[in-house]
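Structures follow.
Same chain, two partners: subunit A is paired with subunit B first, then with subunit C.
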Partner chain A sequence: MKITKDKILPYLLVSPYLLHFGLFVAFPVIFSIVLTFHNWDIISPMEFTGLNNYVRLFSDKIFFKSLLNTLLFLCIHIPLQIVVALFLAEILNQNINFRGLFRGAFFLPVIVSGVVVTILWQQLYGFDAGLINRMLVKIGMNKIGWLTDPNVAMISIAVMATWKNVGLYIILFLVGLQTVPGHYYEAADLEGASRSQKFFRITLPMINPTIFMVVLLSTVGGFSLFIEPYVMTGGGPLNSTISAVLYIYKQGFFYYHMGYAATLGLFFAVIIMLVVVIQKKYVEQET
Partner chain B sequence: MKLFNKILFYVSLTISAIAFIYPFYWMIVASFAPENEIGSLTLLPTDFSFSSYLQMFKKIPIGKSFLNSLLVASSVTGGVLVFGSMVGYALARMEFWGRNVIFYIIVFTMTLPFQITLIPQYIIMVKFQWVDTYLALIMPYLINALSIIMFRQYFKTIPQSLIDAARLDGCNELQIIFKILWPNSVPAIVTIGILTFMASWNEVLWPIIVIRDESLMTMPQLVTLFAVGGRAESQLGVKLASAVMLALPIIIAYLFFQKYFIQSMASSGIKE
Partner chain C sequence: MLLFLFLLLSSCFQNENVNENDLIYWSSNNSYEINFAKVVTDNWNKDTHLSKVYFQPVPEGQSSEEIILAAVVGKTTPDIYSNMWQGDVEAYAQAGVLIPLDTLDGFLDFLYNRCDSTVVEEIKSLDGHIYQIPWKVNPILLIYNENLINKLSLKRPPKTYSEFLDLSYEFMDDADGDGYTDRWFGYAEVQVTWWQRFFDFYPLYLAASGGASLVNNGRAVFNNEHSIKVFRFLKELYEKNYFTKEKLSSRQDVFLSSVIATRFTGPWEIMHADNFKTDDFLYDFSYIPVPDNHTGPVYTYGDPKNIVIFNSCKNPEEAWRFLKTLISEKGDLELLKITNQLPRRKDLEINDTFRDYFNNNPKMKTFASQSKYVKGTDASPVLKEVFDLISQEYEACVVYGIKTPEEALKDAEEAVNLLFLK
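Moving on to the complex of A and B:
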């Protein structure tokens, strides 16, 4: 009797997870594959359409525009983030007074909701009354259409996202920098190495794993870009800031094209997983 | 040269800190400024007024949405802690058939992008008639793969003798988890608690999809729809006032528990 109870117990403990997994992960994944072969607005019966959704996807210019936008976002966001975070972390890692105070300030945007940051920056980026353009005018420069110029809008969003997240990456780099053994620098000092030599020859190679982690984290974050364009631009001007998630949202919950939205979601998820796997493989090779 | 470097460091840090703090300062001051001054405001308005806040309170149920967010985030955090430690304990401390399979499923779930389950999960909510209920906001988040993994890691470091002693005293497995392991796992509980609460508190996409009834909306959702929809009537002050209200609870919590916030969020990155 006791033996059977002991045998069942672990399964009882993990059963909430299995239930949750079945209902909210396994079933949705299978169902989303089924959905891709159908047209459905939830209300009327599902209509089988074969590969129609896939054909449509591959000729959907807006979807590919949204993928390109996401790529552009990542190409600005990731390098900018790494440079700024590394620069500030490197300074904070010196013998600095008020380090906690500075760190706390850089971290503030990280904990605040993305909605707050977006509403705030929407005002900063305003064309006439925005703080940034007012400053530009003051120093004699022309106003920039931060959110109204299709060539600039996505860059503006990427800069804002960097401002929001960089505090977290400063902390991660600080942790990374503290793992570099002090005697490396002492040895370099004896050899008469300059500050920049020490940075590029010792620091950078030693914190490579942290850099890869930052790339990975911000890639996944960039792929989920939604609230920023949703609030700031609605995806405009001229679809220049529409992100993949925003487009999926529009197809699903604006037009109620559940089958097509599921197809977009599945396709995009496969891209994300491929990118993450490639990045992880690359890291394993490097380290 | 040394002194020059020091000065350079402090100047860079101070300029950067201003770049991070000043926008928040501007937002708060602008929310108290008269509407016609916001467009030219830099440091202080000529007059302080609460009119933006009064108008916002009239237009949207921000107080109710605060309570909704509190209820949802607390329930989710409670569920994640209770279920996460149960599953984590079984995986860390018990031998059973299929344990490794379950562990790999959990690890796989962590890497699965949400974009794939978004649409089907919404359809489940429709079929369960959970749309426009708290259940839609709570149930999908009640268990979380990362928290299970973190509990499993942490429980592995607790000495077996502690568990054996508790068993001799007649504790059952649930008592062992919640009476013996929990008091010895405070850092893990704080980390998972903060991460879960923050994620739930700040979530916007899912609430926008499953909640349409204004009295059930979470705070970030209500503020988002207020800012996007026409109801702020392009009044900057009112929009900013709603953003300040949304930022306030987390900033207050952050001022008190700054150390734990930074530690938790940094550890979430390192665990990836």
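Moving on to the complex of A and C:
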């Protein structure tokens, strides 16, 4: 059969993507799955261990603690993110003075390096010399161990992560709010609807797809929590801020347990996939 | 990350002038050690030898350990590396990437001439071979602010746990009057990162136990009366707020700004303090505090950095000849003068070669006298995890007080033994 130029051209056109996909997606994924059945410290040859890494995973208390920590982070971070972002977007959608300046100011933390933000917040959260505790003492309150109290540390990190990312979600909500047709509000005004009625009966249902997108992005972003605990607390105190990704990183790059780290990573990827699928089903039902 | 480092390292070694017999030598990448390495390689290359030595500092990375690992993986290791942490050697030895130095002609004679037999035993690998040359140590001692210590009742640094606790109580203060302590007698980072224990638990354990091991023959051996005393002592420091749980390292230097009066640290602090202290700030070093009934020498952690020859080296005998000049008396004197780091040799205090240096650097004398009683780390390929498991229990017991020392050390012992079983 004669191979014509027309038959080769499509393959040539898709080959850069296929090469990229093969090298940076397919190969690492397949290699990771193979790794889960091995012990490998990078410098010694791989050793086949069957299902040992999976057995170890199910008895690893710190890993399950890290999963719970990640879940706690999501439970604080996502609602907080949505409420704050929606509230600010609603304000910034009004005709207020310096609107452009405020929009820019709220977006600024998004483009600042995560490490810089965490170092800045470390100063704010300091027990003795931190600005927040100094203000609390000034108004007669007790100091709080923002990063040293195991019951508070994850909440502190979630608040900081919300501050860092809220600008992005404000933009998304602004886009959503501006797609709501104005005549809905005019009709509601004629019917004598209150401000809150208009918000809950018109705005919220109309921006439901945006809310889903924000929940999805926050969930995926939240699952990859790493920089904040890595820089601020190292996962402490008492493992109260160790996230799943940080724990996997430690197994892989502190102790070079590449096989075990791959097993944890695979298990965690399955959890993320399940959560996203459930979220998607739920939202599809709602809409 | 590793792919990137591999590509970087591969591109580092395209030196067309290097002959097959020539040697590539990596040193640490701090400026003092770069200067030292230049001096010793220049001296070697001035004379006629079979090989020339090409020196370069270990390429920049998050840590030199990471770079060495990437070099091993990428098979771009140098012939000689002179800043290997003793605790890493066993893993590389077991991976078969290091030359067993005891097979080289004259190595053992040279080694026994330089070091005590205890040091030789300490650096011996689990397979009985020796893969590292004990090169330098930076003993961890107690730095103290003389101005502040002289105002306290004892008028000298504490030597025992009781003295340390008494002075801590006397020193603690609420300087700004907000109802919270803001002056502490000492400070140690509370993070669970494994190497943080080199600056609190480990030197105290070595001091209390006379240099005992943490692990031996694939078993944890640290759950003993000494470690319990150390945990109890440190726990009391945090319980009574003599040490703070807050991370102070992100602030202005808390020792030089007199927020704390003491700290466990190494000789590198001398250059830093001399560069940044005010003229009237006086400081000195003292030995690690020990339990009240302690007898015998006071050991500490020596933070040893050693020299290895990788098996990529085509001419190990010639590499060893070069290294003999690097760790000769002359080489060790250069090391002291240029880097202010102590060579690990038994005659450091009595050898006339070094006398002038110590007379001109009196603060280093304390470190030199301590260098007889330093210990490195036990030979184990999972040493970092051992320290990490101890750190987990250290945090639970010492810092947060949710376990007794006995419970914490028993749990750490069980976890470490489980680690060896895997």
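Here, the second predicted complex is superposed on the first by the 284 of 287 C-alpha atoms of A that agree within 3 Å, B and C clash if a C-alpha of one lies under 4 Å from a C-alpha of the other, contacts with A are read in each partner's own complex, and residues count from 1 in each chain.
Keep this in mind: contacts are C-beta pairs under 8 Å (C-beta built on N, C-alpha and C of every residue); 3 or more make two chains touch, one makes a residue touch a chain.
From a predicted model like this one, the values you see are computed outputs, not experimental measurements.
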With both complexes overlaid on chain A, does A:108 touch subunit B (first), subunit C (second), both or neither?
first
Should A:9 be classified as contacting the first partner (subunit B), the second (subunit C), both, or neither?
first
Is A:245 in contact with subunit B, with subunit C, with both, or with neither (first, second, both, neither)?
first
Applying the touch criterion given at the start, work out whether A:221 contacts subunit B, subunit C, both or neither, answering first, second, both or neither.
neither
With the two structures laid over each other on chain A, which partner does A:266 touch: subunit B (first), subunit C (second), both, or neither?
first
Return first, second, both or neither, reflecting whether A:42 touches subunit B, subunit C, both chains, or no partner chain.
both
Partner with the higher number of touched subunit A residues, subunit C or subunit B:
B
Share the list of subunit A residues that count as touching for subunit B in one structure and for subunit C in the other.
42, 119, 122-123, 128-129, 234, 253
In the complex, the residues of subunit A that touch subunit B are 7, 9-11, 13-14, 16-18, 20-21, 23-25, 27-29, 31-32, 35, 42, 87-88, 91-92, 94, 96, 101-116, 119-124, 128-129, 131, 134, 163, 167-168, 171-172, 175, 195, 213, 216-217, 220, 223-224, 226-227, 230-231, 234, 244-245, 248-249, 252-253, 258, 261-262, 265-266, 268-269, 272-273, 276
Okay, in this complex, where on subunit B does subunit A touch?
5, 9-10, 12-13, 16-17, 19-21, 23-24, 26-27, 30, 38-40, 42, 83, 86-87, 89-91, 94-96, 99, 102, 105-106, 109, 111-124, 126, 139-140, 142-143, 148, 173, 198, 201-202, 204-205, 208-209, 220, 223-224, 227-228, 236, 239-240, 242-244, 246-247, 250-251, 254, 258, 261-262, 265-266, 269-270, 272
Quick one: which bits of subunit A touch subunit C in the complex? Just the residue numbers, please.
41-44, 56, 119, 122-123, 126-129, 137, 143, 145, 147-148, 150, 233-239, 253-256
Applying the document's contact rule, which stretches of subunit C touch subunit A when the two form their complex?
1-2, 69, 72-73, 91-92, 94-95, 97, 178-180, 182, 190-194, 244-247, 250-251, 382, 384-385, 388, 392, 395-396, 399-400, 402, 422
